[in-house]
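Shared between the two complexes below is subunit A, which pairs with subunit B and subunit C, respectively.
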Partner chain A sequence: MDEKILEILAEKCGVEPEDLKEDMDIDLFEEGLLDSFAVLGLLVDFDEKLGVKLEITEVDRADINTPNKVIEVVSKRG
Partner chain B sequence: MIPFDSLYFFYILIIALIPAVILGLMGKKIKYYGAVVTLLFLALIFNTPTKFLYVSAFVLWQFLIVHVFERVFKKTKKRPLLWLAVLLMLVPMILTKFRLEIMGSIFGILGLSYLSFRCIQIIIDIYDGLIDKIKTFDFFYFVLFFPCISSGPIDRSRRFCKELEKGYTKEEYLELLNKGVWKIFSGVFYNFIISGIIYTYWIGKLDSGFLNDISYMYGYTLFLFFNFAGYSNMAIGTAYILGVKIPDNFNMPFGALDLKDFWARWHISLSTWLRDYVYSRFVMSALKGKWFKNPYTASYIGYFITMMTMGIWHGFELHYIVYGIYHGALMCLNDVLDNKVKGFKKLKRDRKWQPLFCFVTINLVAFGLLIFSGRLF
Partner chain C sequence: MFVLEKIREYSKTDKTAVIYNDDKMSYKELEEASNAFADFLIKNGKTNAPVVIYGHKEREFLPCMYGALKSGRAYVPVDITFPADRLEMVLTDVEPEFFVCLRDCEVEPLASAKKLNVSDVQNIFNTNSNESVDEKHWVKEEDNCYILFTSGSTGRPKGVPINRANIENLAKYLTKWVDVEGNTDIITNQISFSFDVSVVSVYVGVALGKTLYTIDKKMMEAPALLYEGLEKSDLTFWVSTPSFAELCAVSQNFNQNMLPNLKRFLFCGETLTHKLVDTLTERFPNADIINTYGPTEATVLVTASKITKEMAEDSRPIPIGEPLEEVEFRIVSPEGKELSDNEIGELQIISHNVGHGYYKRPDLSQKSFFETVSRGENKRGYRTGDACYKIGNLYYFCGRIDFQIKLNGYRIELEDIENNMVKIDNVSRAVVIPVMKEEKVDYLAAFVLQTQKTDTPKLREITRIKAELSKLVPSYMVPRKIVICTSFPTNTNGKVDRKLLASQL
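After this line comes the complex of A and B, so read on.
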């Protein structure tokens, strides 16, 4: 599951999963890897590919600003 | 009476807040007293029987819709029902904005658009399953909370209710009280003194003509900021003293590097509301339904819809609609430059170039507000 989440996240960030693994606590928004639009695509993919439905008003930026946090939020629901 | 507008208002406010401060410093919950004060101020703000009846009917109407749909959504989650609920909630606001002749001025209620947005947020969150059931007391207190009633900030019900539930310790309240008093003073300074000076000695004196329009553009931009940020601070400060930490509405907007950044700093409670409940929802639906070949198209159309909503939210006059289109176009341009022009984003982070980005942004914003002011057409 974690691998899958990371794969989807990496695709939206425009990098390889291995790149994200280098620093799992990197701030995705500060680094310019994610923006509001990319987050929406991310939520759609989580729903379609993993069956994890998250509403946009449910997740604050602060809850999903690092790869580790994204994995935590999504796997809690999975 | 208009809130935060006269000495008379502030005299009553100070007296009404004393028991709240005592409760807070004793570490007790203020919400029930806060509800009494809110009722008192509603009676003062809507001070004729027609106005008071109308605002009561309005809120009961919204409550009824929430109440009915709370049950309906639990059984069936049909999208058209959500649209129906939102439309029914919007009816009073639409009637007001069109100023229907038959209805006369009864529909002119202060802060109706703010009230409507607070209620719509509740129903969308219920639909999304984020609110199970909103307590009757919480609903009315949240929607009618008097510091924010006429001009925001537009708080979110989940945040508001969670805070009512939690309450504050004596120490936490003392800090909140300090910040609240400071906010009220800074708000008074912005709203009465600075914006008053700008109005009296600058924009209020200008004749027509091209150069005067340019002067008005900058003057009006500054006036609106000090007036509205000041008002917001007074409202937020009052809310703090009542033990509710309403989020900030302005965060140094003239330091914005681009339009996206500007909207994250200007009238924040409205722009984030629109982001969450219009832009994001539209784009998510478009992406899920694969409405467009290029996913960015969804985002661009989303910007236009969002900014048009923002414009029309202020009123149906032409200059508000043009203001919405103008900002929709700027948001798209913002995205195109960020994504298509190599090195543009990097340049924006470069300290040497930032003053230029700031300068361009301020001018684009000021021109937008000139449209918004209705001076041009």
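After this line comes the complex of A and C, so read on.
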């Protein structure tokens, strides 16, 4: 599951999963790896590829600003 | 009727002009604050140089814009997405006498200019005369109202000035499309003032006495705030780029229950996809959808069409619409021959909406603008660079003839990004490619050659390039994907093979 989540996240960040593994606590917004539009795509993909439904109103930037946090939020729902 | 006359008229009522989250501004306040700002400019200005306004939807922004117009000056709105470097380029080109800075910003104007921060502006609103400004001071027919800076292929933004005659022509034909309910309507104020789709609200909506409901960047970044704001907005008319509606539609709650009185969506700025039309039709059965099209050079938009069931079900793209009554379209082959139905060529716009060319750039203007006779009248024309075809009076967009693209509604020259990327340390060449999804650009990818191979971890190198680039271009121009390569494939002409690069994504 974690690998799948990371794969989807990496695609939206425009990098490879291995790249993200270099720093799983990197601030995705501050480093310019994620923006509002990419987050939308992320939620759509989690729903379509993993069957994890996250309402956009439930996820605050602070909850998903690092790869580790994204994995935590999504796997809790999975 | 020009917007300034209407603001003066509505200021005698108790109408609300703008709603900002928990705050609002009446037409009376808007009139008085803009009078005071005009009074300040008239008393202290030595020249008629345009006023540069840097910020994003602050309460002071609109009074400064209208105040500049009342003093006979154009304004140049610069959104906070512009980094310091670009803002400096704008200041250099415009040479303003007054630089209004509504957000913290370290950039200083030239020595001859005065920088006004928020407290200076508030002070002007409070102490200068708020009496009605004599119309003799207002911008005249041939005076510029605004200059918008848009991406330029050389890596330097170019200014597009639009005068009062252009705007009055637009308003004349657009008003009926915006006037859906009467005078109590609430309409969106979401698009940044540095992007001309905002003109629909600022010039036409306000002239109709509507209330602008502000959706700012802060709300865009925190979806909970955005939906909370929409829920209490009671919007009746929606104007935005399709991308913003797509963003809202990610939540299933974005439907008629959220906006029960919404009557119309008016879209402009980029491709309207079948997917969005289908979603909105299903979720907002009481609202119609209007698609419009137009480049900044021809004052916001030059077409409008109601999207019918037939168009939605057609396998062709959603049409960009029918030209407004006054507008003539010509579809022209590379040899300059006018084409007939179903033949693809470059679209030329002939209209009083067409501006006078690029600001202080006669070289560029000459390439894109021309004089012609349309239906017995002398008019200006603009070569759009858009490849289009028509069926009857309905026009369809099918791509660009150059490297300009639209991403999330933003107009971007790919060469602008490439030319700025090579300014970054250890980047020797860059090729930027749009990645398509369904009918529009999903994101940008940049292929980069390094001057020297480094041992820096890839993620660090990518984030470094992104951070450096965001100091040079607006954030929406920073490619999502950065691929570091050792060489670029070339085609038989020796040029970089963009198609082959794109296929590697």
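Keep this in mind: the second predicted complex is superposed on the first by the 78 of 78 C-alpha atoms of A that agree within 3 Å, B and C clash if a C-alpha of one lies under 4 Å from a C-alpha of the other, contacts with A are read in each partner's own complex, and residues count from 1 in each chain.
To be clear about the criterion, a contact is a pair of C-beta atoms (placed from the backbone, for glycine too) under 8 Å apart; a residue touches a chain by one contact, two chains touch by 3 or more.
A quick note: this is a predicted structure, and the numbers were derived from the prediction, not measured.
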**Report entry** Which of subunit B and subunit C A:Asp60 touches, first, second, both or neither
**Finding:** second
Report task. In the overlay, answer first, second, both or neither for which of subunit B and subunit C A:Gly14 touches. Result -> second
Query - Touching partner for A:Leu50 - first (subunit B), second (subunit C), both, neither - result: neither
Report task. Pick one for A:Gly32: touches subunit B only (first), subunit C only (second), both, or neither. Result -> both
Requested in this report: Classify the contacts of A:Glu22 with the two partner chains as first (subunit B alone), second (subunit C alone), both, or neither.
Outcome: second
Report task. Count the residues of subunit A touched by subunit B and by subunit C, then name the partner with the higher count. Result -> C
Report summary line: Check: subunit A residues flagged as touching subunit B and also subunit C 32, 36-37, 40-41, 43-44, 55-58
**Report entry** Contact set on subunit A toward subunit C in their complex
**Finding:** 12-16, 19-20, 22-23, 26, 31-33, 35-38, 40-41, 43-44, 55-61
**Report entry** subunit C residues within the subunit A interface of the complex
**Finding:** 220-224, 227, 243, 246-247, 250-253, 408, 442-443, 445, 457-460, 462-463, 466-467, 470, 475, 478-482
Report summary line: So, in the complex, the side of subunit B touching subunit A is made of residues 124-125, 128-130, 275-277, 279-281, 283-284, 287-288, 295-296, 299, 335, 345
Query raised in the report: Where on subunit A is subunit B touching in the complex?
Result: 32, 36-37, 40-41, 43-44, 47-48, 55-58
